[in-house]
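These notes open a run of structures that come right after.
Presented sequentially are two complexes of subunit A, the first with subunit B as partner and the second with subunit C.
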Partner chain A sequence: MADRMDELLTHLPAEPCPDDLVGRIQSRLAATRRRARWMEQGRMWSLAGAAALGTWLLIPRLGILSTAVPGFSVSGVGSWLSWVLASPADAGGALLSQVLSWGSGLAECMQFGLVLALVLMAAPALYGAARMIASTSAREGVVG
Partner chain B sequence: MSRWRAVVLAVIVGAVVLILLSALAFDWGPIWQEWRGPLAVRPIFGGWGPAVTGGGGPLDRLGGELANLVAQFLVGVLILFAAPRHLRRLSLALAGGGARLLRYTVVGLLLAIAIAAVGLLSIFSVHTFPLPFILGAGFFLAALIGVVALTYRLGVGLLVRAGWSDQQPLASLALGTLIVFALTRVPFLGVVILAAVWLTGAGAAIASRLGSGEPWSLLPLLEEPQS
Partner chain C sequence: MSAEQDGILIRQARSGNAAAFDQVVARHTPRLYQSIRRFASDRSEAEAIVQETWLRAWRALPRCDPDRPLLPWLAKIAMNVTRDLWRRRRPLDFADVGDEVEAQPAGEPGPEQALESSLTLERLARGVERLRPEYRAVIGLRYDGGLTYEEIAQALGVEVNTVRTHLHRAKMALRRWMEAEHGGSDG
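On to the complex of A and B.
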């Protein structure tokens, strides 16, 4: 069964190959690979710079993030469970309200520097993880 | 008795001794109270008992350790029965040696950073507000499954080297769980080991798509060229 490559081959001109064709192909391939390597290195350095800047911005603001940790205690959970047994709707509403107030409180204390730091750290971390997962899959022979 | 059988027996005895010594001679309570640092702003884990916060007598702590160990083993058994094929593939992915384990640890660390950052950024919008909880739960489950696969692979590796049958998955899981649990009980160092094990488990589970055998790829989105 003829595929697309066979179809393309029929359109090739029936003239002799130039003498320098092989050299031109090789130099073109080398240039393409070089460009790809430079782009990859540029991307890596940019992301590393972003991660470093994000870390530098984040470190002085770590104290703010400590407020992101919600408070739990056995007595609190116990009283909430008793509330659930007594009035599930009220307990659910109170929990939702507590979660929303925790989130809005956290959003209020997030300054621009902290948001920027999180953005600068999230992108390189995701990219790095994706690259490592892809290379691990390639080593295992799983082609994606 | 072969050398590896002696090693396995010594590892089991050593793990039990380590758990006993850690529980009887080391109390996290005062250290936790003094050094919980930024967590001190909230009553985290207040009253959760000796297994988490330390405190209590040596026998209380030993009881807490036993409860932890049994709970971890039973959770592993549940996961083994729930998805045996996935767990087998995941455990095989973890069998590539130290370099691969280190790669999975780094993957887990990067994903933890990314998920934490994305979760915090998503609280600004109402429609993405539940994301921190969903992402956190997903990461926790992936890490849990990965840790079970890691402990299972550790047990299988030791039993096979010792010449014992590797056809007893629960024995392999029990051995691996005992060893990993004992290592995480070492004072101070255990916290680092616990974090490393969980990050490795999360990295391996996510990298292998929970042992599904399917690669992470966008190829299915690419349409076939029309001829």
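On to the complex of A and C.
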């Protein structure tokens, strides 16, 4: 009976697929793709706008930023390295105090406009990086 | 319908070729529909499940392995869609292997004339319609979709033994149904 039942079930009458179902699915998929494309374009324009606004806000404040960022020279780095070799503890302490003073100087000169500019410029960069990581992991990942 | 061709089309679709995915849809929708129709409560529900399955498949395309058969992957998505749909109406647990079988003979005497194959199959199809949804799902995936026990287990998210149990109980219920419908002369 088991074999007979298997055979019968294999030949069980099935309701045919409606003729227009494939077409309807393809139309819905096309609409989904269109919507996704529009959303992606909207997102890209928003991020481009954010980057442009950030740049516009940042340019007049570059002077402030340059005063807070320490200047480096090859000779300065060389002498600091020789100091490290001669007296590592002193060199480390001096570096730490220098970093702290840069940090406090940067915090003082940070205005709302500058922070906003940096955030607006960082958002598109972070979004781009996130997308790159997502597409890489999607390419590598498979579903069983 | 070769798996190799599916693999090529899936690769093309993954690289952004929408027409390739449309071809995949055209190739697999009839079989997918028939598998789903076996356990869906009606035609419109089956169509809704199939449509949603393809939409989710499109979104999940980057995670589709083009080197593996496509139908088991689609079946898995379809079962998730079905679960979501049915969860709103009634709880459904494919791992439930309760002893009771809901397929009860209707008690109506079967036709007296000799068994013709088509009549037998029609009776059996009516019996299948009276089975529990999880049994109908296993039958649909096994006999309409042509999936292996392992593929069905993966699609339903249950153990292979559970699939065997479902199928065994479904057949027992159907045997009882056929006997009741035809006075036991079918076995």
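What we mean here is this: the second predicted complex is superposed on the first by the 91 of 144 C-alpha atoms of A that agree within 3 Å, B and C clash if a C-alpha of one lies under 4 Å from a C-alpha of the other, contacts with A are read in each partner's own complex, and residues count from 1 in each chain.
One rule holds in what follows: contacts are C-beta pairs under 8 Å (C-beta built on N, C-alpha and C of every residue); 3 or more make two chains touch, one makes a residue touch a chain.
Just so it is clear, the structure is predicted and the values come from calculations on it, not from any experiment.
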| item | value |
| --- | --- |
| First, second, both or neither for A:26, with subunit B first and subunit C second | second |
| First, second, both or neither for A:107, with subunit B first and subunit C second | first |
| Touched partner set for A:4, first subunit B, second subunit C, both or neither | both |
| Shared subunit A surface residues [contacts with subunit B and with subunit C] | 4, 142-144 |
| Contacting residues of subunit B [partner subunit A, same complex] | 38-39, 41-48, 93, 96, 100, 103-104, 106-107, 110-111, 113-114, 117-118, 120-121, 123-124, 129, 203, 206-207, 213, 215-217, 219, 225, 227 |
| Of all residues in subunit C, those that touch subunit A in their complex | 18, 21-22, 25-26, 29-30, 33-34, 37-38, 43, 47, 50-51, 54-55, 58, 60, 62-65, 68, 73, 76, 117-118, 120-122, 124-125, 128, 139, 142-144, 154, 171, 174-175, 187 |
| In the complex, subunit A residues that touch subunit B | 3-4, 7, 62-63, 65-75, 100, 103, 106-107, 110, 115, 118-119, 121-122, 125-126, 128-130, 132-134, 136-137, 140, 142-144 |
| Contact footprint of subunit C on subunit A as seen in their complex | 1-2, 4-5, 8-18, 21-22, 24-26, 28-30, 32-33, 135, 138-139, 141-144 |
